[in-house]
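After this come two complexes, each holding chain A, first together with chain B and then together with chain C.
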Partner chain A sequence: MKKEFSRHISALEEIFTDLDGFLSQEKLDDRITFVLKLVVEELFTNLIRHNVGGRDQVMLDISLESGKLKVVLEDFEVEPFDIASIQPVDISSPLEARKVGGLGIHIVRNYVDDLVYEYLDGTLRITAVMDLEEHDVRH
Partner chain B sequence: MDRLIIEEEQIEDIMLLKLHGLIDSGTAQFLEEKFNELTNGDSVRIVVDLQNVDYISSAGWGIFVGEIKGIRQREGDIKLASMRSDVREVFDLLEFNTLLTPYASSDEALAAFESEQNTKTTR
Partner chain C sequence: MFDIKRTTEGNIIFTGRLDASKSDQARTFLSSISNSCTLDFSELDYISSAGLSVLLAAQKRLNESGHSIKIINLNTHIENIFRVAGFDFVFDLE
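And then the complex of A and B:
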């Protein structure tokens, strides 16, 4: 599945619909559907929130090969920002000190085996890989 | 088709919200608006039934954490009930069990409110 989507939260509904189609085609189960949607949403919303500049469209490419599910998000004409550099949220802090931000990347890091950031000539690429055979995506 | 539907049921001074669908970055604002509407109307004892919610992203969890602070300052609470296993896994991953007590059912959550009220009354 490779497709461009609007660089806006409202695109999420269309993304999820397309993910459902991909997951059904690949005969992946509900568990993987849940995790893949989480990972894609968290990466997509972080990208929209943090990247400066950017075209109206971002590219989402999802593939399954040799038991590895690969999610690639590309944002064009943006300034460098390393999503993997976001400091982990302190999830053990008490309610008074809890921050809402940072939860998404904490979720992503828990479910993916590799999270790679690349930046070249204005294009930011985030690649997340989940090994379905080794981990059953449960960590 | 609506991606998140919120049913309301008033049970004495407790508001039971039965949610259907998913809570993601696109629908979280709808939930936030519902909480704001309730708290503006002085409804601060809230049970959220998640039996028919199969997906909550960080945007959704952020709403619960954001709302609970103000609600507890007003001696209210949000009690989450009937979480599905995938949803519960993320709840545990974020260690929200240290902030919010999960309940197996709405009835249990409602009973917990009642029990707390009785404790206060008998003090």
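And then the complex of A and C:
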């Protein structure tokens, strides 16, 4: 699945519809379905919030090869923003000390096996890889 | 699709997919709550960090006046993301 989507939060509806089509075609189980949607949403919304500049469209490319589910998001004509610079969340803090927000990348890191940030000539690319080999993930 | 409805027993049922495009709807609803309440997630299929942040903000606000949110009937995937986010420490889950 490779497609450009509007750089707007309202594009999530279309993204989820397309993900349902991909997931149905690949016959992946409920857990991976949930995790893939979560990872795509978190990376997409993070990109919209943090990247400065950018075209109206961003590219989403999802593929499944050799038991690895790969999500690639590309944002064009933007300034560099490394997601590694996002401060980690202390999830053990008591309620009074918990800060609202900042959970997205923390969640993604917990669900994927590899998360790579690249920046070249104005294009920012984030790649998340989930290794499905260890799990029985097909219906 | 995302929806919020109240039962005659007073429980609040979240339905569908609470993603970033629906978090304002949840925020507006929860901002109207001023007492302890129970959220029933039995019909909620999905939640992302945007939804979690809305819940956390409401819990913090209610906690300041001695109230809290209890969440019941979470599906396995949502229960797991609550653990990843450390929400099992800040919400009463059942």
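Brief remarks on what is shown
In this section, the second predicted complex is superposed on the first by the 134 of 139 C-alpha atoms of A that agree within 3 Å, B and C clash if a C-alpha of one lies under 4 Å from a C-alpha of the other, contacts with A are read in each partner's own complex, and residues count from 1 in each chain.
Keep in mind that, in the parts below, a residue touches a chain if its C-beta (ideal position, glycine included) is under 8 Å from a C-beta of that chain, and two chains touch if they have at least 3 such contacts.
Everything numeric in this text was worked out from a predicted model, so none of it was measured.
Annotation: superposed three-chain arrangement on chain A; chain B versus chain C shows a clash.
With the contact threshold set out at the top, residues 9-10, 12-13, 16, 31, 34, 37-38, 41-42, 45, 91-92, 94-96, 98, 100-101, 103-104, 106-107, 110 of chain A are in contact with chain B in one structure and with chain C in the other.
Looking at the complex, you find that chain A touches chain C at residues 9-10, 12-13, 16, 30-31, 34-35, 37-38, 41-42, 45, 89, 91-96, 98, 100-101, 103-104, 106-107, 110-111. On the chain A side of its complex with chain B, the touching residues are 9-10, 12-13, 16, 31, 34, 37-38, 41-42, 45, 91-92, 94-96, 98, 100-101, 103-104, 106-107, 110. Residue ranges on chain C touching chain A, taken from their complex, read 17, 19-21, 46, 48-50, 52-53, 56-57, 59-60, 63, 76-77, 81, 84-86, 89-90. Across the interface of their complex, chain A is touched by residues 3, 24-26, 54-55, 57-59, 61-62, 65-66, 68-69, 72, 86, 90, 93-95, 98-99 of chain B.
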